[in-house]
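Presented sequentially are two complexes of subunit A, the first with subunit B as partner and the second with subunit C.
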Partner chain A sequence: MPTDLLILVSVLIFPGGLFAFSLGLMLKGVDRRVAARLQGRVGPPLLQPAFDLIKLGFKRTMVPDSAAPGVFLAAPLIGTVAMLLAVALVPIAGVYTPDPRLGNLLVLLYLLSVPGVALMLAGSASGSPFGAVGFSREMALMLAYEATIVLVVAAVGLRTGLAEGGVVTFSLAEIVRHQQEHGAYLLDPLMWPALGAFLFFYPANLGIVPFDIPEAETEILEGPLLEYSGPALALFKVMSALKTVVVLSLGIALFCPIAPHGIAGLAVWLASMVVLLAVGISAVRVSIGRMRIDQAFSFFLKWPLLLAAASLTVVVVV
Partner chain B sequence: MLLARNLKQIAARSPWLYRINSGSCNGCDVELATTACIPRYDVERLGCQYCGSPRHADIVLITGPLNRRVKNAVLRLWEEIPDPKVTVAVGVCPISGGIFRESYAVCAPVDQYLPIDVNVPGCPPRPQAIIEGVAQAIEIWRTRL
Partner chain C sequence: MTTAVTETYTIPVGPLHVALEEPMYFRIDVHGETVARVDINAGHVHRGIEYLTTKRTMLQNVVLTERICSLCSNSHPETFAMAAERIAGIEIPERAALLRVVAAEVKRIASNLFNVALLAHLVGYETLFMHVMQVREIAQDIKETVFGNRMDLGAICIGGVRYDLDEKTTGFLVGSLDRLVPEIEAIVQTYRTNGSILGRTRDVGVLTREQAIACGVVGPVARASGVAYDVRAVAPYAAYDRLPLEVHVLTDGDVWSRAMIRLAEALTAIDLVRACLRDLPDGPTRLAETPDIPPGQAIAKSEAPRGELIYYLKTNDEPRPERVKWRVPTFMNWDALRFMLAGAKLADIAIIVNSIDPCVSCTER
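Let's look at the complex of A and B:
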C-alpha cells in the first residue's frame, strides 16, 4: 500500500527519523555555539552534539544495584520512540502534511508529555535520591505547564474551527491551511495572548533555563539522568534533540506557517527554526538564572495560564 | 575496522570533565572553574563540558591531598566512573600533599590509590597549565577508547 509506505517514510526518514534526528543535533549545536558567542567565548564546533553521541556509544552503560533494570533501560527508549512519532505529526507549511491516520493535535499533546514521563520513570527507577528529587520536580512542573498548552491549543483550534464555519478543529493540517489562506496568527492581535502563553510553555517543556529545574545539574546533578551512562544516556540526548524539533515546529505550525511550496518552503521553515532557537532559547538561557520549583509552579499557574485562558475567552466571545 | 577507528577519532573530540575535590583548599577548584567559565580560556572549544554526574565523565580532575575523611568516598566515586577514563591530578596537593604534607590527616600522594595519568603541578596551577593537562589527557584517552 503506497499510503502505508508514505507513513513509514514520514516516520522514519522525512520529516521524522533521520531528518529530524540530524536537524535536532544541528539545532543543539547551533544553540551551544550561539550561547558561547553571547558569553564572549568561541564555543564548541557545530557538530559537537554528534561527537558527544558517538563518544557515548563507546562508553559502558552501568546499571546501579538499587535500580529496577527493566524500567531503567526502557525509559529512554519510550521517550525516543514517542518523539519519533511526534515529529511526523507536525506539518511543515508548503512541504509536508501528515497523514490524518497518524493522529491529530490531541495525539501530539499526549506524545509531547511522554518524554517528561520517561524522565520521571528514569528518575524513580534509578534508585538514586537525586533521581527521586528530579522525579518530583518534573511532575510538579508538568502539572504546571500542561494546562497552559492545552488552553493554547484549544484557543487556536477554536479560532480556526469557528472561522471555517464549524466548531473546534484539532487537525494541525487544517490549522496550517487556514493560516495560509487568511494570514498567520502571529499577526492577529486576538491570538497574541495565546502566543505569549506558548512562549512561556516551550522552555518549560524543553527543560531549559529558567525552567530546567528537574535536571538542574548544579544542584541535583542532572536529577533523573544522574545514573545514566553510555548508550542509554545517548538515547536521552537523542530524545531531547527530537523534542526540540517537535516543539519548535509545533510553534511554527500553530502561529506562523507561512511559506512558499517546495524547497523554498523548507528553507524558510529551517530559518525560522534557527531564529526561534537563537532568540527564544540560547539568548534566554545565557541571560537569566534558574527558578526554584515553587516559583516556577506558582508562576505557571498565574501568568501563562491567565494569558491562555484570556485568549480562549477572547476567541469564544469575538 | 577503518570505520571503527574513524569513529573513535571523532569520539575523542567529546571529553567530558568531572571534578573531584578530595579536600583541596579550593584554590585549584577556583582555577578549574576559571578554565571553564572565563571566555579567555573556554575549554568548550575542545569539546569539553563539565558534567554533574560521575557516570557521564571521561576525564577526572582530582584536586586536593586526599584527606582521610574523604578517602573512601573518593575511591568509591572513582570506581563509579565508566571506562574508558583518564585521571588528571590538578595542583601540587595530589602529587605530594603540598602545603598539607606530613599532616596526619592526608593520604597524599594520591597515586598510591588511583592510577594518575597526568600531573598538573602548581599551587594553584595556571589555567593554561590546566588546559595543557586536559589536552594531554585527551591524547591518552584517545588511545584507550
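Let's look at the complex of A and C:
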C-alpha cells in the first residue's frame, strides 16, 4: 500500500478517526461510570456519551445574534481536526508507529494546545460575558500548564536521546522503541518527577476538577460552551473525547509503552488506557473540589513546574 | 503583564442560574475576575401571598403560610400560630410545646445540611455534595415517617400541633438521630480539614462584626460574625426556655464559619429533639376545641433555620385576618451581600450568595 494512503488511513480510520472516536466516547462512558461508582451512584450506561451525541445531532445549532458566526462555527471544527491529526501522531507500542512525515513530538505539543485555543476562540466569538470570562481563564490556565508539559517532554526526549548516544530526540517512535528495548520509564526512578508532573497535566489539559475552571458550571455556566447547541456542541464533545485519547496515549507512550505485538499489544494498550483513566482522571475528579483560577495558576507554577524542572535537571546531570 | 486589565464588564447572575436554587438577579460589574459593583434585583417569585392571607380564614392561613417556602415550611405556620395564640391569650399544652420544638428542629437539621451540601456542589466537590445529601436523607426519612411528608410537615395548628408521637414513631426517631450524629460529626471533620473546602471558603465573603450589626443580619450569618443572637435564647418560645440550648458563635465571619455554624446547629438540634423526647409528658397535643381569635394585634417571632422570623397579625371581627405581615431572615441578610461581595472573585460569587442561605420565595412571597 502506498504510504500516502497509509497516512490517510492512520488519520481517518486507525488509530485516528473512527477508532479514536469510538474509543474516546467509550473512555468518557467509563469515566462517568467509574466516577459514579466512587460516589456511590449507579451511573449512566457506557454508551451515554454516544447517545448524547446522537441527540445533539438531531438538534439545531443556534448562533447568538451577538456572536461572530464564522469563528463561532469554525472553532469546534478546528479543535476536532487538530485532535484527529494528533491521535495519528502517537504510537501504540507493538501495534502502530506513525509515519515520520506526520510530525514529531513538537508538532504534537502544538496540536495539543489547539483545543484550548479553539475554546478561547469559541468563548470570545460567542459574544457572551461568560464566554469572555472562560476565555481569560482558559488562557491563564494554559500559560500555567504548558511550561510543565514542555519540560516533561524535554526531559523524556533528552533521557532517550542521551541514552541512544545522541542529543535530545523528539521522535515519539524512537522514545517508544528505546523503552521497549531498555525498560519503561515508569520503572526508572529518575523519571518519576517527570511522571508526577505529567499526572498534574492530565486534569488541567482535559479540563476536569480541580482544573475545570474555564468551564466551571456553577460559576460561569460552562463558559465558552454556554452558547453552543446542537451539532456544534457535539463537535466540541467529540473534540474532548479525542483529546482524552491523545493525552492518555501520550502518557503511555512517554512512560510505559511496553506491550507485545499485534492484537495482544492493542489489548494491553486499551487496558492501560482504562486504568490510567480511572486512576488519573476519574478518581482525581471525585476526590477534590475546584480551585480558583489564581489558586490553580500559582499551584502550577509551584509543584508541577518544580517537579518537571527537577526531572530535567536530573536527566541532564546523571 | 505590563498592561493592567482596565475593562469592566457586566455579568448577569440570575434570575435563572445553576448556582441559585431560586430566582434572584445580581447584576455584577466585573473588573477582570474581581467584583466591582453589585446590584441586587428581587421580585421574580412574588406570588401575592400576603394579600392572599387576608382572603383566607385563620385556619386556612395555617395551611397557606406553610406553603410560602419549602425549606422553612414549619417556621411560618408556627410563628403565625404563635401570633394568633398571643391575641387569643392561649397557652398551648406542654406536650404540644415540646412537639413543636421536635418539628422545628428536625426541619432545621435537614435545612442546614442542604445548605452545607450545596456549598460543596458550588465548590465543584460533587462527591461531598452527594454524601451530605445522602446524610440529609436520614432527616428526610424522619419527616416522611413521623409527619407523613418530606417537606411540608403539616405539624402546626392554632393551639397546638396536629401530630403525635407514639411508641413506634418515637423509636424510629431516636434510631434515626443516633444514625445522624456520627454522620454529621464526620461531615464537620471533613469541612474542618478538607483542603478543597478550606481553600475556597476561608476568608471568602467576610462580614465583620460591625458590618453584621449595621446590616442587622440574623441567624447563622450573624452568629458566624460574632453576634450571639438567637431568638430561641433571647426570647424563648415553645419549650426552648426549659431545654439545653447551646448558641454557637464564631468570629471570622467568612463562608466557612457560616457553614460550620450550620453544622454545629444541626448537632444541637439533635440534642434538643432528644431532650424533648426525654421530657415528653403525657397529655393533649392541642386544645380541645379550635379557638376563636378575637380582634387584636400581635407580633410573634421564632428562630427559623435561616434566622429570626417575625410575624405581625391583626385581626378584627371577621374570621379572616385584617393584615398579616412577616419579615423573613433572608430580607435582613441579603443586603449584607453587598459587603460580602465587595472585592470578591467572580468564582466566589455563587459560594458567597449561598452562604447566607437565601430563601427567595420567603422574601418575595
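Rule of thumb we're sticking to: the second predicted complex is superposed on the first by the 317 of 318 C-alpha atoms of A that agree within 3 Å, B and C clash if a C-alpha of one lies under 4 Å from a C-alpha of the other, contacts with A are read in each partner's own complex, and residues count from 1 in each chain.
We take it that a contact is a pair of C-beta atoms (placed from the backbone, for glycine too) under 8 Å apart; a residue touches a chain by one contact, two chains touch by 3 or more.
Everything numeric in this text was worked out from a predicted model, so none of it was measured.
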Check: Looking at the overlay, does A:Gly57 come into contact with subunit B only (first), subunit C only (second), both, or neither?
Finding: first
Touch check for A:Val286: first (subunit B), second (subunit C), both, or neither? second
So, does A:Gly230 touch the first partner subunit B, the second partner subunit C, both, or neither?
first
TODO: Applying the touch criterion given at the start, work out whether A:Pro210 contacts subunit B, subunit C, both or neither, answering first, second, both or neither.
DONE: second
Of the two partner chains, subunit B (first) and subunit C (second), which one does A:Gly127 touch, if any: first, second, both, or neither?
neither
* Asked: In the superposed arrangement, does A:Gln39 touch subunit B (first), subunit C (second), both or neither?
  -> both
Determine, under the contact definition given at the top, whether A:Asp294 touches first (subunit B), second (subunit C), both, or neither. second
Residues on subunit A touched by both subunit B and subunit C 39-41, 217-218, 221
In the complex, subunit A touches subunit C at residues 38-41, 129-130, 132-133, 136-137, 209-210, 212-213, 216-221, 286-295
Interface with subunit A, subunit B side, in the complex: residues 7-8, 10-16, 39, 42, 44-45, 47, 49, 51-53, 55-56, 58, 80, 82-84, 145
Given the complex, residues on subunit C that touch subunit A span 9-12, 17-19, 30, 32-33, 120-128, 130-131, 134, 194-197, 199-200, 345-350
The subunit A residues in contact with subunit B across the complex are 32, 36, 39-45, 48, 50-52, 54-55, 57-62, 217-218, 221-222, 225-230, 233
